[in-house]
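What follows is chain A paired twice: with chain B in the first complex and chain C in the second.
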Partner chain A sequence: MLHPQQIQQQQQQQQQEQANSVIPEHYDPEIIMRNNKAVTFCQIPICILGGAIAGVLGFSGLFGFLFYFFVYFTFCSLFVLRENKKLSLYFINPRSIWFDGLGSGLMPYILFWTFLYNIIHIY
Partner chain B sequence: MIEQPIVLDVAIRNWVVIPILLVLFVVSALKMNFTKIMQIQSDRKQDLQKTMEMQTVARTRKLTAYYNRIPQQGFLMRKAYFTNKETGILTYNEPPQEENNPMDALMQASLMNDSSGMTDMLKGNVVHLIPQISMMTWVNHFFSGFVACKLPFFPLTIRFKSFLQRGIELSSLDVSYVSSLSWYFLCWFGSEGINAILLGENIPSMDQQLFQSQVDQGPPNQQVPIHKVYNSERENIDMIRYESLMDNVEERFLNNLTKKTTITDFSKVSSPSSSSSSSSSVQSKNKVPKRR
Partner chain C sequence: MKKVIAQFLCFIGVVVFLHTVYSALQHRKYLRLTDQPFERIPNDIVFECIVSLVIFSWGIINTQILTPIKVSTHLAKKSFDSFAYTPNFTVFKNRGQYINSLLNDN
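Take a look at the complex of A and B:
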């Protein structure tokens, strides 16, 4: 049998431990969205530029896609290098910038790649 | 196997490939402006009463979310302000609505709101659908029957041939040569990203964002009668058991300090390391307010 006061104390201790272990962090979703938007705002022109370069140089087949990944990851690494330690202040998960824009950048890349490839090498 | 390159006519480039790209861009720009105009027009209908109700709901939600960041007295005062049985804000609106025929008022309100919501939905759908359909028929009608461009990436399988080469009945043609309709699809998907940058507001300032968020909250709340929302919010506030986040913050802070210093002491026993660790922990503490 336990004394009710003891139980209360135990509960309080547990609560304190929980409070000690977990410090909830406060994120403002609008600001996080703005930050993500700023990153994609940089990524898409880079992808367009990469597509234009690939089209002018006349890459075709698998090599063009490899060039896309090269351009994308070069940009991401440059971005991470520039913002170095501050990155965790602005994003919940700093690694997500490596993968989030990969899909959204691909279609503009392909568009400009085919466009310039056709204009220069086909016609 | 060496493919023989097919030379396409320059007129195809000038009159098919580039116009499709331009027209898609212009149409998407028009679409965006059109939706903006529609939004502004629909905003004018909101009256003062409704915006006030929206604001109070937003405030109560903020209180339920961040109650543990304000002192207890402040929380209790806010609770009294919202949920007092006689003068609370959230109980204020109920009696007048119930007095004068609640069912009729509710029915009318719901009908009005539903119809306006439906028309908004319809407008949005129409704005998005009609240009797509009309442009697809335009491209398909005018520019079918010849090769428009060549995809630089690896040829897809033969199965896609009937889709990519619409209107071209050449069985020996390589699959990477495609007709204008697939170029249209390529432009469509590719231009979404470009539109987001060129046409979307670049990076909206805080005020605009606040305004937009308020506007976005509008439609779902309108459909539910307001006093139900108030009731649920009041229950939410009543349910809260107050616990401050700052209860033993100094202990936690010191705990963190001692942990870090012990770790650093194990690695290298020196006084500057402890000071640096303390500064780093101060930084980690400061993180939270910066994000607000």
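Take a look at the complex of A and C:
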């Protein structure tokens, strides 16, 4: 337990620190949402096309999943290439686009992979 | 890059990919008719696939426009009047009606 006077001193110190510090930058949550939505909008069709290509090339087993990582990182590197290292303007954590959508893109990838594999290599 | 060009690139990517699907099907059919065993897809089809993926992804990336997330970048352009807009305090019964009647008389 702290003495009431000590608590008061601590509060005063905090207030002084707040007064001295620079006003922090504020982020607009709506625009953060919009940017994330734009990234997912790009991601899902690319994963679909990548899955279709994996089906055409006839990958099966673990090699198809490795091709998924190749597709995903191709997309990410193109995205970073377009933004020309200014990603911190558009995202709070710019590195998160390298691994955020890995799970959400996998399901359409597998769907189209099996679909095209069945069309070309089985029937 | 303009949005129309980016959408056109997406379209080209899909068309190139459909061509690869057709050529892969034809290759399988050729192997079946000549009784050869299937080993793997020929290299030109693989190359065409990768090209179509890159074209499509470059196109679809360019259809999206990102906006800077810092509040100061887009709020700095707005005027104070747009924030302090108080419609409850506007008065509609003012001297404007008399001016209007005067104008109509003349």
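By our rule, the second predicted complex is superposed on the first by the 100 of 123 C-alpha atoms of A that agree within 3 Å, B and C clash if a C-alpha of one lies under 4 Å from a C-alpha of the other, contacts with A are read in each partner's own complex, and residues count from 1 in each chain.
FYI, a contact is a pair of C-beta atoms (placed from the backbone, for glycine too) under 8 Å apart; a residue touches a chain by one contact, two chains touch by 3 or more.
Note that the coordinates shown come from a computational prediction; the quantities given were computed from them, not determined experimentally.
By the touch criterion stated above, A:120 is placed in contact with chain C alone, chain B being left untouched. In the superposition on chain A, contact is made by A:79 with chain C only, not with chain B.
Once the two complexes are laid over each other on the shared chain, residue contacts for A:45 go to chain B and to chain C alike. Applying the stated contact rule after C-alpha superposition, one finds that A:65 touches chain B and leaves chain C untouched. Legend: residue contacts after superposition of the two complexes on their common chain; A:97 is shown touching neither chain B nor chain C. By the touch criterion stated above, A:34 is placed in contact with chain B and with chain C alike. When the two complexes are overlaid, the chain among chain B and chain C that reaches more residues of chain A is B. Applying the stated contact rule after C-alpha superposition, one finds that A:53 touches chain C and leaves chain B untouched. Taken together, the two structures place residues 25-28, 31, 34, 38, 41, 45, 58, 89, 119 of chain A in contact with chain B in one case and with chain C in the other.
Taken together, the chain C residues at the contact with chain A in this complex read 13-14, 17, 20-21, 24-25, 28, 38, 40-41, 45-46, 49-50, 52-54, 56-58, 60-72, 74.
Chain contact summary for the complex, chain A toward chain B: residues 16, 19-20, 23-28, 30-31, 34, 37-38, 40-41, 44-45, 47-48, 54-55, 58-62, 64-65, 89, 104-105, 107-108, 110-115, 117-119, 122-123. Taken in their complex, chain B has these residues touching chain A: 5-10, 12-13, 17, 21, 66, 69, 149-154, 183, 186-187, 189-194, 196-197, 202-204, 209, 213, 245, 247-248, 251-252, 255, 287-288, 290-292. Touching chain C in their complex are the following residues of chain A: 25-28, 31-32, 34-35, 38-39, 41-42, 45-46, 49-50, 52-53, 56-58, 71, 74-75, 78-79, 82-83, 89-92, 116, 119-121.
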